[in-house]
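Shared between the two complexes below is chain A, which has chain B as its partner in the first and chain C in the second.
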Partner chain A sequence: MSRIVFSLTLAATAFSAGLALAQAPDQADEIIRGRYQAILGDCSACHTAPGAKPLSGGLPLETPFGQIIPPNITPDKATGIGNWTEADFRSALKKGIGHGGKRLYPAMPYPAYTRMTDRDIGNLWSYLRTVDPVFNPVESNQLPFPFNIRLSMMGWNMLNFTPGEFQPDPSKSAEWNRGAYIVQGPGHCGTCHSPKTALGADETSEALQGGSLQGWYAPNITGNSYIGIGSWSEDQIVRYLKTGTNGHTIASGPMAEAIQASTSLMTDEDVHAIATYLKSTEGGSTQKPQPIPASDARMKVGAAIYHDTCSACHGGDGKGASQLFPALAGSSIVQQPSAETLTRLVLQGSQAVHTPAAKTTPAMPSLGWKLSDEQVAAVLTYVRNSWGNAAPSVGASDIGAQR
Partner chain B sequence: MTTILPRKDAVIVGLGWTGAILAHELTEAGLDVVAIERGPWRDTATDFNIGYAQDELRYGIRRDLFLQPVVEAMTMRNNTSQTALPMRDYGSFLPGNGVGGAGVHWNGHTWRFWDSDFQIADHLRDRYGAARIQDLQLQNWGVTGAEMEKSFDRLEYLAGISGKAGNINGLIQEGGNPFEDPRSRDYPLPPLQMTYAPTLFAQVTKSLNLHPFPTPAANLSKDYINPLGIAMGQCTMCGFCERFGCANYSKSSAQTTILPVLMKKKNFEVRTESEVLHVDLDASKKHARGVTYVNTSGEEFFQPADIVLLCAYGLHNVRLMMLSGIGQIYDPNTGEGTVGRNYCYQTNAGAQVFFDDKNFNPFVAAGALGQTVDDFNGDAFDHGPLDFVGGAGINCIPSNGRPIQTRPTPPGTPRWGSDWKKATVKSYKSTLGFSSQGSSYPTRGNYLDLDPTYTDRFGRPLLRFTFDFPDNDIRMSNWVSDRMEEIAKAFGGKQYTNTRRKKGWDSVPYQSTHNTGGAIMGTDPKTSAVNKYLQSWDVANVFVIGASAFAHNAGKNPTGTVGALAFHAADAIRQQYLRNPGQPLVSA
Partner chain C sequence: METHCLKRPTRRQFLSSVAFTILAGGAAPVMARSISGRLPWEARSADPPVQVKPGGWLFFTLEEAQTMEAVADRLVPADDLSLGGKDAGCVLYLDRQLVGSYGTSSRLYTKGPFMPGLPTQGYQASDTPAQRYRAGIAALNAFTRETKGGKRFAELAPADQDAVLKDLEAGKITLPNKVDAKSFFNLMLANVMEGFFADPIYGGNKDMASWKMLGFPGARYDYRDHVSKHNQPYPLPPVSIAGSTEWMTR
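Presenting the complex of A and B:
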């Protein structure tokens, strides 16, 4: 809820500030457009802590290299970016170099934001100037040596970073290009959904093919129909991004937050454009393996647990119930190479996101207290290899590692 | 020391069915609303986790979800010649506790009271003469069935009730209840798929020229999205409804129909584990300033509010009024005072038929999955030649086959030992039960007040029951039991039992959590505590919503009518009271 409230507050702030400035209608438009850029870029996801003032600094991000705390980006002069110039801001987004030449860490997704147009960045800057300044000192850099040396990012950038604005593909439709721009640029989808190199950069050759972060597995979102979203219609992708549920699945974890604060607030045209683009992408194995046979001992144990504990909601046939219980049969999310998300759902449970079109917020209960590592592994192996699903088995040690 | 909190437009005491309905309606009207709930927060996945929701020992026997006497006990006696003693454990009835209230752990029978209930005194006097009802304190409710129709409809669509209409705009519908009042449209969902026992009950009662129909159920026959946009799932018939929270989003409750929307509203807030001690009145005693409550750390708070809505369990509403000095406490000797008046209950009896050759698979069940016969309910039949008024619904609703408590044995079986064990195994699947749920009509001597001796943990007097089944109701129940015996015989089973209701209410064995009255609605401030909009006659900015408003109890479960009254009151507040706050909606 807090996110929606913030967004509404932001809208109100934008309007009142715009009117208060009353310098020119153009400027008000710019601020409103900039607010929309903040939605596309989902700034609040990282820069607003739950319950805190908008953009006044976020919760720590756990990276493989250590903790980074998203800074205060309100116009507060002492602790925010009140002393920044538009050129500083532009440089931060385009080059990863902020005010005073300070190098940013790529937890701030400047490798994606660099694709943004000058106009969009300008609008976003205008909007950020209107946010209420908040005094909140944040020491972003919590990394251990040697990662805490910001200058090291110079080398990182040389190896991993290609600055430059998005270049449209003239052979594709305007809608496709718009979708590609949002996905690669402000939407920074790959920041979660692309696998990472040893240096923490996006594995660009495997863009959008799924990545692990913060105890979740962000699934493959290419047009691959086995483990991607190729089996979803464009309308189903749109419904998912607008509402968090589409009959196939229900968003959970960080994506639930992204839907609430960002995609559900995007225009219908933009969400359609994203769907068009994602459907056209390729990546990952399309070759479904042979499912583990039902006669396998793990499958038998898994079937018994499934029927006892899971079938009341997800159905004996794994088809679920739309809006309430996600279908497991045919679900690409169930069949991802990594069972990290599934494991987390079973161990800890998860609650669906609340959007204006899907208000129920049904929840998966935690079952970690009840099922042993072996039992969780067996039931996940079962759902990954039943009703036409096929995916590698899950081992008890994988479960233990996530407890 | 009492902390004074910032003012709210409305404070709601208790966040169950009525509290949630009122909170939703008033926040829609733009009011800033806080609900104060004595029990804990409760949500489906965390509190009715599918991994343990069906724990009969924890919930069915140890009654984990219910109010415990250590929090609030009550005292009881059968008549004024006795000294009331505290119930050391709840038995005869089981009040709820926590967010969702008793709506969390109900079975889901969702009835509409009839116009002949709402206008009962006029109706019976006109039909049978004043002498017939002279021993009873029957009163009109101040509303008509037609007036309530819209509110019943709203509740049924909010809750996704599964059923079959019997009368749509005056046209009798085949397969529904022909005795019901006209409704504007059918139920939102079709009836649940019948199991064998109610199917057989329908066959047998039909052969006796009775009119069986599917019991209207808050256990959903299909997936459903209610008018608030909240999705519910089809019931899996696990048979863990009464005393249990539903793990499947399949039983209507505040949790499954309102809270997902309500809890996201900026102008709503709930404070759980906070017990309201009393409503604070100003010096005139005609205006409420707010409520005083205490949290689990013993800290006391004053919550100022323009409107106070008592939405706790009916009995708690009545006690809070008494503790707050809202209205005058009823005195059975003089007949004066209104708070505590017309306490009613339910007059039930049961029958069982034992077969050798049938298998009912009783574990396939839902709380309200069954068939009902209303031929002998209310005033659906002519009482002219009879010596009572009122009636009972006859229900075959095998709501569960839970292993600890479902142990039917035929007469002549030992109460323990290996023969008992054998008999329970033999009878578990092959026994059919049905019951009568009878009306309970008010008398001058059945009432609620404050106990002169016993107090709660805050030193406040406990609520005292003075109640026994009225002679009229005993005659009614026994007459209906005769009809049940005819039905039991017609089944052609090996043996049957037919227990009969006797005088002497006993608070120990479970009977029914349908405690009604005590803050009844009506047309006359001398004989009712609230007006037809559930507004206190004495303190105009206090509304008292729940079964406490029932001027009598019909042979039906109360929740449908409780929910409808909540909508009825909400409409009055939104459309009338807010235009002229602080004023009575009905002039005395």
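Presenting the complex of A and C:
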């Protein structure tokens, strides 16, 4: 830690001359706290392209309305946010209105960041001023007409956006409130995990109950014991967020990125707080449907494919092998209402997250070359309705759409 | 006292070694790479074999194919255990192998020196399998035409075919054009067996016939549910790389 303090102090000192900021003596503390806010908020997930300089602009985000490219948020004056003031930044996070009154698109999760405290935003701003400025022009707005009219976000905000800081619930513990703050505010979990309205806003009445984005289905992460994380102990949630694997499942896809860049770097207290809060939430039906009977034709075909193709790793009983192969039996991810993630895993394969505590990165091979749409549908229907699992069947047309 | 010093390279040695170094360095891109952190991985990556489909000969002429089908049917005769080598697709398998990398020995070292090796060292001459089949089948038919009343091998009665094959195997026959009878027989035997026992995806072993005959479970790789069930037959049917009939969805 002392090395970080030293280098940040050095960086802060080096910048202070050029930026002509009033340097309080505790600026280093502020910057360090701000750096942690950037971890909680996972700014780099969107604003840093793979292999690029930190926060110099990201890869295009595919939204249902078109493409948005996360801008350069380094302090570069020409192409970054070097000309912004702290008030501009605060307004961007709290109201979705940036420098010069420019309206942000809610792909930038200001509907979540608005819950952040002034102090946390101030710290984050201090940190962002210390990032290496990078000249990298980014034209964020790639949306087609009419979505490319930024002013239209005014109407969107009226309909969908409730600004305002997080209000702690005094009836709950400090830990619960801390968890709720991170989940709803800087952590912006709902940006992926909440279903979206037709306008692309979080369906607040169904917060954290699962949503589809970028070819993945971000599962229900409420305390629902059927399709949420209710069956995980608090410790298992913590291990998942810290290492990417917890003996039940292994993270991959966008969550792997979130774990690598954000949750695995959070303090143990914060991750515990998140677990405490998530376990207390409710969402979706906990009533399992009747599983499709094993005598069903799709189930029979699915069973044959499963035992010939999948069981070597996931086991004949679907129990997997703790750190190496995710369990399918009892897995809430397997039983989500949407089979989008499962389909993607079978068609494309997937690799486990790489964290310092879990370096093996076991991978699932792509089976798209081998299985037809009907066969993928059958095997997914089988794993969703075996060993105590129960979930709607999967249709071949859904598979074809994802090829 | 005599002084020993390193022999200076001649001008020619020096130039050729420099030229060789440049060639070796520049001829191929560097294949080695170091990996650190996470293992490399790509979505949708797969290098699957392509399912061989019947329909036409890509290497054999019709006469060659008929000859090989006759050979395959004698090496693996149809009986109450399984279908014969011809119907199992052994020649289809061989045909597709001979137009591929096997036929041209593209993955073998095939430069000299060519010395007669020990029997345990396998084939030591320069001809590729494709060349050996072309010459071997022609020589075999020339031999039968000459000694069996003008008939090609495929036109002989099964008993006569067996006799010819036995003599080939024993090296009792001298084939024309310096084709080594014993070594050609061994080549055909090995390839017909491959066709009969290899995964059906390569064209032979139709419907996993040989695997069903042996009780071989095929392209499976996990027996944890069965290892402790001693003296009980393995219950599951064989499966090919391409799947099994149980995977049929309709």
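The working rule: the second predicted complex is superposed on the first by the 378 of 403 C-alpha atoms of A that agree within 3 Å, B and C clash if a C-alpha of one lies under 4 Å from a C-alpha of the other, contacts with A are read in each partner's own complex, and residues count from 1 in each chain.
Here is the rule we go by: a contact is a pair of C-beta atoms (placed from the backbone, for glycine too) under 8 Å apart; a residue touches a chain by one contact, two chains touch by 3 or more.
Model, not experiment: these values are computed from the prediction.
When both complexes are superposed on chain A, chain B and chain C end up clashing with one another.
Once chain A of one complex is fitted onto chain A of the other, the partner contacts of A:Gln348 are limited to chain C, with no touch recorded for chain B.
Contacts of A:Ala87 after superposition: neither chain B nor chain C is touched.
Legend: residue contacts after superposition of the two complexes on their common chain; A:Thr361 is shown touching both chain B and chain C. Look at A:Ala304: by the touch rule set out above, it reaches chain C but stays clear of chain B. Touch criterion met: A:Ser322 reaches chain B, while chain C stays clear of it. Looking at the shared chain after the overlay, A:Met154 reaches neither chain B nor chain C.
By the touch criterion defined above, A:Trp369 reaches both chain B and chain C. Residue overlap on chain A between the chain B contacts of one complex and the chain C contacts of the other covers 312-313, 349, 351, 354, 359, 361, 363, 365-366, 369-370.
Those residues of chain A whose C-beta lies close enough to touch chain B in the complex are 1, 4-5, 309, 312-313, 321-325, 349, 351, 354, 357-367, 369-370. Contact residues on chain A toward chain C in their complex (touch as defined above): 298, 300-301, 304-305, 307-308, 311-313, 315-316, 347-351, 354, 359, 361, 363, 365-366, 368-372, 374-375, 378, 396.
Every residue of chain C that touches chain A in the complex is listed here, in rising order: 37-39, 41, 43-46, 48, 219-222, 224-225, 236, 239, 241-244, 246-250.
Those residues of chain B that touch chain A in the complex are listed here as 43-46, 49-52, 223, 225, 228-234, 236, 238, 247-249, 260-261, 263-264, 266.
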